[in-house]
Structure formats: C-alpha cells, structure tokens
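Written below as structure tokens is the structure these notes are about.
In this document, chain identifiers A, B, C, D and E correspond to the written order of the chains, with residue numbering beginning at 1 in each.
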Amino acid sequence: MVVQQRIHYGQASRLPEIVETPSRYRNPIGKYIVRRSSRCTSCGRCAKLCPYGVHVRYEGYSQPLRPRSDRCIGTKCEANKFFCVRNCPQQALSVGINPIMETLGDYRWTPEMIVGHWYMAETGNLPVVDLEYSLGFSGGGFDKMRFRIPDKKDYVDIPDVEIDTSIDLNRRDDGRPQRTLSLPCYSGGMSFGSTALSVIVGRARAAKRLNTLTSTGEGGYPLEFVPYRNSVITQIATGLFGVREETIQYAPVVEFKYAQGAKPGLGGHLLGDKVTPEVARMRETVVGSALFSPFPFHSVYSVEDHKKHIDWVKEINPLALVSVKVSTPTDADMVAVGSYYAGAHIVHFDGCYGGTGAAPDIAKKNIAMPIEYAIPKVHRFLIAEGLRNKVCLMASGGVRNAMDVAKAIALGADGCVIGTADLIALECVRCANCESGRGCPRGIATTDPELGCMLTEEWVEQRLVNMYMAWRKQWCELLRQFGMKSMRDLVGRSDLLVHLDYLDEDERRKYTPAPKPGAAL
Amino acid sequence: MIVAEQKPIAEIKDIVAPYSRLLVLGCGTCVKTCFAGGEDEVATMASALRLAFKKDGKSIKVEELTVERQCEDEFIQQAAPCVARNHAVLSLACGVGVQMVASRFTRIPVLPGVNTTFMGQLEKPGLFVERCLGCGDCILDDFAGICPMSRCSKKLLNGPCGGSQNGKCEVSPDIDCAWQTIIERFKAFGQMDRLTRYYPPRNWSRSYAGGPRKLVREDHMV
Amino acid sequence: MSGSRLQQILSRGEFAVTAEAGPPRGANLEAVRRKGALLKDYVDAVNVTDNQTAIVRMCSMAACAHLHQMGIDPVLQMVTRDRNRIALQSDLMGAYSLGIRNVLCLSGDHQTFGSQPDAMNVFDIDSMNLAHAVKTMRDEGKDMSGFSLDAAPQFFVGAAENPFGDPFEYRVMRLAKKVAAGADFIQTQCVFDVKRFKDWMRQAHEQGLTEKVHILAGITPLKSARMAKYMATKVPGMRVPEQVLKRIEGVPKEKAAEEGLKMCLETIQEVRAISGVHGIHIMAVEWEEKVPELVKAAGLYPRPKVA
Amino acid sequence: MALSVAKAISAKGKGFKPRITVFHCVSALTDASVLDSSGCDIQVVKMPCGIATREVFLLRALESGADAVVALVCPEGQCRHLQGNIRAAKRVARMKKLVDEIGLDGRRLNLFNISRGDAQAAERAIKQTASDVASLGPNPAA
Amino acid sequence: MPKKYAIHTKNANPRFPPVGKYATVEFREDCAGCCSACVKKKCVYGIFKENFLHWSSMQEPEYLYICKGCYRCVQDCTKGIFSMSINPEYRALGDEYWDPDIISSTWAQAHTGRIPVSGAGYRGPFVGQGFDSIWTDMSEIVRPTRDGIHGREYINTTVELSRRPTRLKFNQDMSLAMDLPPILEVPLPVLFQKPEFGVLGEGVLLSVLKAAAAMGSLMFLKPEDYSPAVAQYRESIVPCLTAQDYSEHADMIRNSRMVELAYGPSIEREYSRLRSIKPGLAIAVGMPLDAATADRALALAQTDVDTIHLYGSSHGREVDSNAPRYMKDMIRQVHLKLLQGRVRDKINLVFSGGMAMAEHMAKSLICGADAVAVDVILLVALECRLCYRCKENKPCPVKLEEVPPEWGAQRILNLVSSWRNQLIEVMGAFGIREARRVRGETGRSLWFEDLEKENFGPLFGIRKVAGIG
C-alpha cells in the first residue's frame, strides 16, 4: 500500500462534479404548496412565466403538469413580475405554506433543515427557497450559537477552489502515513444489516470522490467495499462482527468503537427482523435472531488493555491510523488524554443526540453530555496537557449541518463525523422507525429485500457529493468573511462565536433569533 | 375507464326495500375513479340507506365491503363470506361487475347501485367525457385519433354536418364538434388530404349491433 | 272504427283466412300485382312482409298501397329493426293515409341472418312497444310523445306470437303482455307441432286471453323434405316434430309437395277444431299460387263478404 | 314513520335539546369549548383541515344520533391546505342534497366559514342551526 | 442471589382506538383511482386498511395511531392527493406537563410491555425544565476503571421501605442481641397511589391492586376506598390513615405490612400505639412536598418512622408555593438536608407527583429518592386521555368506569415492566447493580447549570438568561 498523498481541494483545484439528482419520489416535499384549481384552462402561461420550474409543460403536451411545489419560492414571489398567482388569467392558482412542514422533523432536525438538505443533495447548491437550514429549534447548544458579525474589512475575495477545507488525520509524527481529507468531515459508521447495502456502498463511493472516509460500522465488511477500501474505515466494535485480518489490512484507518453517543454503555442491538441471510452470513450468526453487541470489550478494563488493542491493530496493519470512538462522559477530557497515550491518532467524541439505528428512548434522551460541551472541555484540556497538536479531534453526535461543523471546529474540534445528514440527503424523513419490523419505509435503514432496493449506489453517491459540495460553499463563504483561507485556521477560534444566552439583550438582537417550531405556520 | 354514476337514493331505496340485510359492495377500479362505487361511496351509500330506513322506522342491516374489482373472480371470491350473511347485494360496480357478481352468487339477488354511463376519460377533475363506444372495429387512424363514433352526435364518417358552428355541435354548445377537432388535428399534422377520402359505411356487425359479442382466444383455451 | 275487412270478419265471429305475400327484391310493381291477383278472393287479408329475414325488398307500405288499390285488405307488417320510433310513427300515419287499416307489429329478424349483416340495427322500441303505440294512437289520438294528433290513424292492431319458442312457460305470459299492450289479433308462427299448439291455446284459454284477442294459427305448406329440414333446423324458434319430418321424407321427392299440402290441410282441420282459434294465417313462402287451392280444399272458400 | 313523527311532535312540545355534532377545522375554531354555552348537546370532532370532512362522516354523525351536523371551516382563501375549505363546502352541499332526498331535511347539515378564532361567529352558527333544528324536531333516524 | 425477579408481560390491546399523532389530509376529488399502484395499498403499516374499519365510530374519524409519518403515501401518490397533519386530537391530549408524547408512549408501553425504542437520534429540545435539565452519564463503558457490570448480568432493583438497623449487637455467644424488625422490601422502586382525579371506580382500583399484588409492590389507599373486593389485596395495601382515625381501622392495620399516617403535630407519639396493634409494622408518614418538608423530614428521621412519603403536585412540582420548585430540586433539598444531618440512612424517602416516565423514576433516585409513587400514569396506562372531562362530570371517552381488572392489571404490569427494564438499561450503563446504590449517585449525572458554567463560561462569559433560556 502506498503512502497517501496530501491532496485537498485547496491545492488540487478540481472539485467533484455536481450533477442534479432529483428525488426518488414523485411528489417532493417543499416549504410551499401550489395548487391549480379546475378553473385552469391549460393556457400554459404559468409554465412560460415561472423561472423556477414550478409549472412545467412538456413540449406539445396540452396541459401543464401538476405544480412542482417544492421548487416554489413562496409568497415572497409576489414581488416578481412573473408571480404566477397574479398572472393566471383564470385565477386558478394559489400558493401557501405547505402545512405538511408542521408534521415533518423535530426540534433538532427542523422541517426547513430537512427540506434544505434535500435541496442541497438534489442540486449541489444552497437553496433559493427561504429555508433556515442551519439552525434548529432545540433552544440550546449549536442552535443558540452564532458566528460573530464579521468585519467587512476582513473579507477576502477568493474563489471557492482556492479555499482549503482539508484536515490531517495523523498528527503523531510516528512514521505512519499522513492522510489528508479534503473536507473537515467524514461519514460515521453505519453497519451492513442496519442500513441498505446500496446506501453504505454509495457512501463509500461518495467518500472516494470527495477524498474523505466512511466507516463500516460494526456489521462486517461487505466485499462491495473492497474497490473503495482506501476510503473505508474498518470499525472494531465489541461485537467484532466481520473483523478479520484482511479487513483490518484493507483499512486506511481502524476505528475502535468503545461507545456510541446515542447509546453509550449499551451494546448495539440489531433486531431479528433485520437479520437476513446476507446479514447473518456477514456477521457469522443465525438468520432472524436479534443481535446484541456485548458491552464493554471483554478484554478491555483499563487504559493498558486499550493500548494492547491498539498495538495489535498497528501490528496487523503497519500503515493504518487508529481512531478511538468514545461517548462524552463527565470525564471526557481524561478519556481523550488516555486515548492519546494509548496510541490513537484520532480521538472521536460522539455526543448524545446523535443518530442511531435503534436505541431505547430513555437512553437517547439522557445520555452523557451534548457534544457542544465536550468539545471545548477536551480541547482546553489537551492544550493544557500540551497534546492538542498531537491528536486529531473529531466530534460527532448532533452535528447536523455545515454551520454545526464550523461551530464545532471553532469550539476546538479538527473536524466532524457525519451520520444523520447523509441519510437526510438520501431523503430520510426521520420517522425514527429504523428499528421496527421490516425497517425503514424509505428503503434506507433496512435490509428488507423489497424496501432495500429503493435506491441505487449511483444515486446515493451523487446525492452525497452534492450535499457536501453545498456545505463546502457555506464553509468557504464563512471563511472568506473572517479573512481566512483555510479551515485549519478556524480550529479553536471560539472567540468568533457568541452564545445568545450569554449576550445582553441589545447585543442579542443583532443575531438571527433561535427559530421556533411552527413559526412559519 | 368505465364511467358510472350513482343512482338517485330514492331509486336505490326502492330497489333494496325488500331486504333487511344488505351488502353494499364496492369496486375499487373504474367506479372508484369516477366516484360512483369506491370505498368512500360505499360508506356513504351504506350510511345513507341506514338513515333512510331508520327514519321510516324500518330496520335494515347494511354491511360494507369493497373489492379490488368486481369483474374478476379472484376479487369476487373475497366477498363470498360477506355475501353469504346477507339477503341481497347492492353492487356499486359497473354493469359488468353487477352481472359478474350475480353470475357467481346464484342464490342471492344482486342489485345495481349505479348507472353505467360510458367508456370515457377524466378530462380534468370532476369532468368525465365519453371517448369510446366499443364498436369493435377501431378506425381512429383515419380520423386523426378522434373517434367520430363516440364524439360526433350523428356518428358521421364523412365530414361534419351542416349544424356545426364555432367548433361546437348543434346538439349542445357544451359539445365540441368532433369533426372540427379532427380537421384541426389533420391540419396540425399536415394531412388535410385525408379528409377528402370517401368513407364507406361501417361494418356494425362487430359492434353490439351484431348481438352480444364474444372474444375467443383459442390460444388461451386448453 | 277502421275500415278493416279482417276486423269485420273476426268481429262477426267468422273464421278468418289471411295469407302472407313477400314483396319483390326490386321495384317490380307487376310482381306485387301478380301475387295480389292470386290471393284476392281467397283470403280476407294479405300480410306484406317488411324486409323479411333482413333481406332488402320493396317496402311493405308501398306494396300494401298497391294491394289496397286492387281492393285487397292489406296487413302492413312493421319491424322495429330498421326504424326508430320517429320513423315508425310517421310511417304508420302515411300508411293509414294510403288506406291501409291493419298493422302487424314485429321486432323483425336480426340483420345477421340477412343479406347485409354489416348493417346497424335500430331496435329503438320493441314489438310490444309498437303495438302499444299504435293502440294509443287509435284510442287516445296521441303519438308516443303525448302529442294529440290531427286525425289519428285507426288501425286494427296485430302482433305475432310463437307458441313454440323457449322457455315454453313464458309464451303465454308473453301473449298476455302483447294483448295488454294492444294487440287485437295474433298471427302465430307456423304450426307443425299441433300438440304443442293445443297446449298453448289451452293455457291462453285458461287465462281468458282467447276472449280478448283473435288468434290466427300460422300455416305453412311444406314444399319438400329439404324445406322441412330447413324449417326444423335453421329457422329460430320453429318446431317441426320428428313424425312430420319422417312423413315428408317418406314419400318420393316428386310427391313431396303433394304430401306437404295434404299435411297442411290436416293441420288446418285440426286447428279449426281448437276453441279460441279464430282463423288461419297462411305463410306459403314463395308458393302463393297454392293458396287458392289450399283454401278451397279446406272448405274455406268462398270468403264471406263484408260491407 | 308515524312513530317518528309523534316523537318529533312531542319533543317539539317539551323544549327539546338538540344534539349537534360539530366538525371543525382547528384553524377556524381554536377552542370548541365556547360552544358549551349554546344550550345544545354538542359533540365536537376536531379536524386538521376542513377537507377532513368526509362525506360519510356527516352521515355517520346523523346515524349516531345527532339532530344536526355542522362543519366549521376557514373562510375561502384562508385554508392552510389552500382548497380544503372549498372542497368541504362542496361535500357538505352534496350531502345536504342527499339528506334531503332521504327525507331527513338537508337543513340538518350545514357548513359555516369561520375566521380564525371568531368564537362569536361559531356561536351564531350553532344558534342558527339550533333554531333550524328546533323547527324540524329530533332526527327521526336517530 | 435472590430468585430472579421478573414481571410477566403480555399484549393488552387497547379497548379504544388510541389517539394517533398523524392525520392524513386527502384531496380525494383528485384521486386517479390508479388501483394496484395506489399508495393506500402499499402503506407499509396498513393504515388505510385499518383506518377504514374504524369509521363506524364517530369519536375519532381519522385516528392514525399506527401511522409513523414516513410520507410514502404523500410522496408516492400519482396524483399527490395526500397531505399530512398533526391530529388535533393528539395535540389536545393532556396538558403542558403530561404532553401527548408521554401519553402516547405510555399507551404503547402498557399495550405491549416493551420499552420505547426508536432510531434516528433524539428529537427533543436541547434541554428542558426539571428532570429534563439532567443528563444521566451512561458512559460507564469508556471508564473501565470503575466497577463495571459485565454484559447483561442480573441487576437488582429491590428497595426497602422499612428502617434498617445501622449496626447489629451480638451476645457473647455471637447470637444476635437485638430484635430484628421484619424488613419490608419492594422489588422495584415504584409504588402506587390513587390519583387525585379521574374515573376511579372499583375497576380501576382493582386493576392497580391486582398489578401491585402480582409484582409485589404496594398501593397507598385511603380507608374510604376499602371495599370487600379491594380487601382481598390487603397484603398490597398501605392504608393512609390519620392520627385521629387510625384506631377505627385496627383490622385494616393488622392486615397491612405498612401504614401511612398523615403528618401532624406530635405524630411520633402515635407510632408505638400503632405498632401495638401490629408488631413489626412499617410506618410511613405522608406529607406535602413544600418549603417546610426538608426540616420536617430531618425531625422525623430522628424518630423511629420508616419512610416518608412526600406528595408533590401532579405536575412534578412543589406544592403551596407561588414559584413552585421542580421535583428534582425538591428531592435534592430533602436528601441533602438528611445527608447533612447524618440521618439519611435512617429513613426512606418516597416521592410522588408527576412521575410520568421511567426516567423520572431513575432521575428521582439519582437526586436522592429511595422510591417513587405513581398515580396519574396508572390512569394513562388504562387509556386515560387526561381530557379532564371527568372533573366536569362528563362521560369518560374511554369508559374508565368499565375497566376490567384483569385487563387493567395487565396494562399496568406491562407499563411497570417497561419502566423497570428502562431502569435496568440505565443502571447497566451506569455500571450499578443495585437500585439502592443509585440513590443520590449524582456522579452518574450531568446537570445543565454545571455544564454551562464549566464549559461555556470560559468561552462566553456569564449567562444572561436565567434558567434554561
């Protein structure tokens, strides 16, 4: 295996190509709805006028199609000359906020954030519809943090391709290869079994194109990953499903998963329904019987035991970097330092509020500490210990969008690990039904033969590429505003952040207020 | 699609009056699409009948069921247990459905709840228009895809009559003159010369004029 | 009352004789006159068929008018196959104006049996409706739309009935319906199966129908064994018993016609004996020249005079 | 028949308390408790939008004993689903005709447009219905 | 090790269609009737089929209890005739404390006995009031130096309600030199009490008592609720008496393992008379959870009462206060007071009021309770919708007056089993095998105020927003 080159978009000026990748569904959901009444005489005027493609009429077809409401920019279009509602000679059109928005999403992933990410995954651009896709309703953490209003003087007017968004994973200087990712994030583990094969392979393909990584999760290493193995992290979790010598040797990074933010202290749990013959073969178990990953690693009861594990992996794969994934206990800072001394290159903290295939609600809600607290805590402690430059600090668990990533980096992380946002790009609606029965009705988190065929690897790959390219646009603009040319400059710049609850009333008013559920309705 | 409309409730009341246990049987295909006999209409009909009879102090038990299609054995069979516990079936399917159900359940009256109207298309929400007579000998190629049989009030094959004005039929200004449409389409295709051809009388023997029709596919019979 | 000779004969209680004459397949007036002359003194009225078996012929109304001019009382046969109610009513009025006083209401043979099976049929109304319409015209002076006519035609209304069709139990019910609809006289399908005919008459009698309507038994002389066979197998609703077939097949070919006439005469005698049978209707298909002979032989000649 | 008429007459005499089922869009009538003071026996069915007024619900309400059924929906142009209220109105109109045809009197079925939170309009609607029903008497099919 | 304790669960189907969260809004007029492709037929959950069966009831014409909001019908319909809404009936369930999600989740637990499990991360706000401002630290796994529990081994949820001797005295021959009073244990830290409102017929009471008997728990009950039918469960009843009236209920006391006396002046004088009616009787003192509670508790701990039962409001707050504090703060206050008075081990604390979720139980223990008593949630388990119509003497929409005790008991057992399993999940993640050891174990928790101060303070300075913001 060759030592990997340092490439990132700041140097190699070629960004992955954006290709419009529409929804798999007939009726995409948008913020607005447009309805045409039976008064319509099919005159076709609206189709001629609308520049956003809401009203479409095929060449030679005598009727406009049903309005593509998701493309509508809403009532603010009133100001435009081409506003269809006013221009319709029959007054057959009406536009309003889509009431379905009220049912979609939740405090953390708001309907507008979901719809906005669908848009990004489709077009690779930031939405033209007025959507708040960077802030949630949660009322705390990232949703209360804002970047300071930048000084206009600081703005650097350089194109996106010249901005460096890369991160280095190996900061130990231990003779192991450097691995530079072009984006300050990689994809979190989703196991074969919990998630459709087309999804995980599509993620690997996207990771390859984006020059970043994805992770196997703890469900084994399907052969389909092999062509993309340079972009696939092999995860070693307590179940040790599919962990074999060659799967460790494939991996550029090997990840020890001690805990998952959404269910720390609880082993993984794959319900029997999801254990199909393919999954059972992969995990070397019995079809239809539920799988619990044990907890903890029965061979790890001390930092010394942990070091032994890392040494073992380093021995099997001399080129691999090692990541340690843990949740965020009260003593997260100590854990980070311990992991470093045990030999980890990457310390990955997974806060509560992250995604998961299935976990008891009581665990999801109450687990450990939100990642927003853990990052500055660990960052500060690593600096105090003189170790901050020796380790790559990755954060995850409730990092939902490009601005969350930027905020996490400003709080002190080097980058973030993304899970849920990837699935949202694939049109997950967060119905939270990943675990039950046949699993995901949207065909994402399922191995059901019927449901699991709802999406293709190509589609998954391109949707993800599109979304990350849209995110990159957001990061580039943010960096330009603060006069930065590299994401690396943002690390630990918590001075650029404000927290609304820590501001005086008049100061607070200058910033976008925290959005409230149902505000638009 | 076969288009049908529900019979007036008064008529249905008379039809079902002799029976005290009634199954209202819907059909989930054409009549559902034209709002004459799908699940919703079955529910409404059943409810209306219960109300109508209860008002008159008469007790009637009305059961509701909708099968996918009443013109296929596979779906009719599903209704069997339900039919068995009733004294009559009010079928909201088209005439085919009613007869098919009747032919399968030999000992129970099967009554029609809809008037089967025509074979047509949904022009736009709420508007159904006739498009085919089922004449058994399609000549749409000769008429620019517009059927003069079903769309000309006089079934004229050799051009419009003298009564057409402004593209509308003399029968009603609500009816587009089929011939106007035919001519316009031919004009659009640049095939106006086709309009000069003399069209001989139709062979009606393949239509209902030839008596009840049968289609035999020997290759499907063993 | 109408000027129908047939009606007068029947109402006087005399045994009526009618015969059928098919118009020519063409516009040959002479052919009509020839048949008229042949039948004139031997029958009380002559039925003129209306495109019988759906084969195009001279129209019944015109042929009837010619016969009327010859002093014959014609029975206008009218089928609903070819004309809708508008044409039917208008033709009735025209016919009356031409002096035609009897009309026999029929549905008509389906066009598939005829020479032009491609044709569209009408069947707007059926024979029962037609009988009712003619009766309403006569008794109430109104057309089918309820419009009061300026001089309504006063027809003697006839209808056909087939005692031999299936289901047998329905045949008398149907007769009753026709009577109720307006038929004054009934001409039946050819009687070969006398037993069945008797049975039917008995039922009709039991229901009191023979009091209300004049039933004329249909009589057809068989010309040959081939014709008998054809009647038995090809004509819908016809019933030719086995022994009849055997009898005509049992004689040499050249003697068959003679035997046929003999059998015909026997039938006439038998039906005359049935109570409620008020006459016979001779359908000598393209064999009209034998009618005088038959009438004479049956002792039904000369025909009574009417005013 | 005779029985139900007698029932109706006797009830008319004795200050009968009409039972009214109210289907209301939550956007039109936010708090249905304002109807409690109407003096009628009110049964409330909340709907997310006027369009949830399915035809059969109206009849089922009558079947389950309501003397009258009222649908309260948003005024035209104010529906969250844009056309829900218009469609509800058409459905109610159709059912009114049907109810008329079965001899129950279509006046037992009414739709009113209520602006968001206009409790007084809602009360008026109920009062009007109540007075209509008072002249019609109890639902004979109840 | 004691015999493994288990609560037997079994599906107890709802008697009434539960109010579902979603409602489909359907523009049927645009329906293409596209038959086999119809999304109604393809619904993974079969909601349209099920829903139709329910049309005969006019109560909830559009309940979609089983709809999970996957939007496939909305998005796949060829004509786009579907839209979705939150069912307004769902939204109207309960109140701001007993919110629809709690009620709905409780119904599901009482129905199946399974713990609520879902995917896709936590969906709620960052932080909330009261218990919602505590995170439990379930990260035992990443600190392997503590006494981990290994795998899914037995976790004991038993707690005691009677006083334990702090030390034993022995004779010369090593025989015990003292009388050991019988120890009253309950196998899990959940007790029952009668809710303040609701249709509380015998069916409901018998359901609760039957469940209490089956799982070895206790129910606090006033003498006026005693009836012959109720009396068969006397082993599971804690009669709630007063200093004035207990002597009238000597029979009841003799049949009980524990008796609760309402707090009053000089109440300690009554204990010996009570115990003279039944030796070894455990005694609880019931009192409202208010500003004076901590001091009273401290005083009571000096007496030989076994347990203090502290009644908070049904919304999990302090009572009799203009600015009522949250249960978590109240528990903490009482617990710390006793701790400071060095008497915490002498007495058991049972808190009640607003215990709505399994995590309330777990967090109460962390804050310092020995056990909790539940009330309103029992009604919810029996399908109560907290519509409060019963307070106005209107009929109950789910006919609580007709609850069959057999079914009701199963619903409650299912719910409690689910709570217990959730407690076990949490304890497993804590690395704690004994429920007794969870008491006051704040080391296994993270508090919003502390986290903000510790982690955001250095970055953002001083919080300008009081409370959770």
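Simple rule for what comes next: contacts are C-beta pairs under 8 Å (C-beta built on N, C-alpha and C of every residue); 3 or more make two chains touch, one makes a residue touch a chain.
Predicted model only: the values in this text are computed from it and were never measured.
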item	value
Chain labels contacting subunit B and also subunit C	none
Any chain in contact with subunit A as well as subunit B	D, E
Label of the chain whose CA centroid is most distant from the centroid of subunit D	C
Chain whose mean Cα position lies farthest from subunit A	C
Interface with more contacting C-beta pairs, comparing B-E to A-D	B-E
Inter-chain centre distance, subunit A versus subunit D - centres from mean C-alpha coordinates, in Å	50
Centre-of-Cα separation between subunit E and subunit A, whole angstrom	36
Whole-Å separation of chain centres (CA-atom averages), subunit D against subunit E	42
Whole-Å separation of chain centres (CA-atom averages), subunit A against subunit C	93
Residues of subunit A whose C-beta touches two or more other chains	33, 99
Junction residues of subunit C, two or more chains touched	none
In subunit B, residues with contacts to at least two other chains	40, 43, 125-126
Pairs of chains found to touch, sorted by chain label	A-B, A-D, A-E, B-C, B-D, B-E, D-E
Complex contact set, residues of subunit B against subunit C	201-205, 207, 209-211
Residue numbers on subunit E that touch subunit A, as the complex places them	22, 25, 44-45, 68-72, 74-80, 83-86, 105, 115-127, 134-145, 148, 150-152, 357-359, 362-363, 422, 425-426, 428-431, 443, 446, 451-452, 454-456, 458-465, 468-469
Subunit B-touching residues of subunit E, taken from the complex the two chains share	28-36, 52, 55
Subunit B residues touching subunit A - in the complex, by the definition given at the top	124-127
Residues of subunit C that touch subunit B when the two form their complex	110-112, 117-121
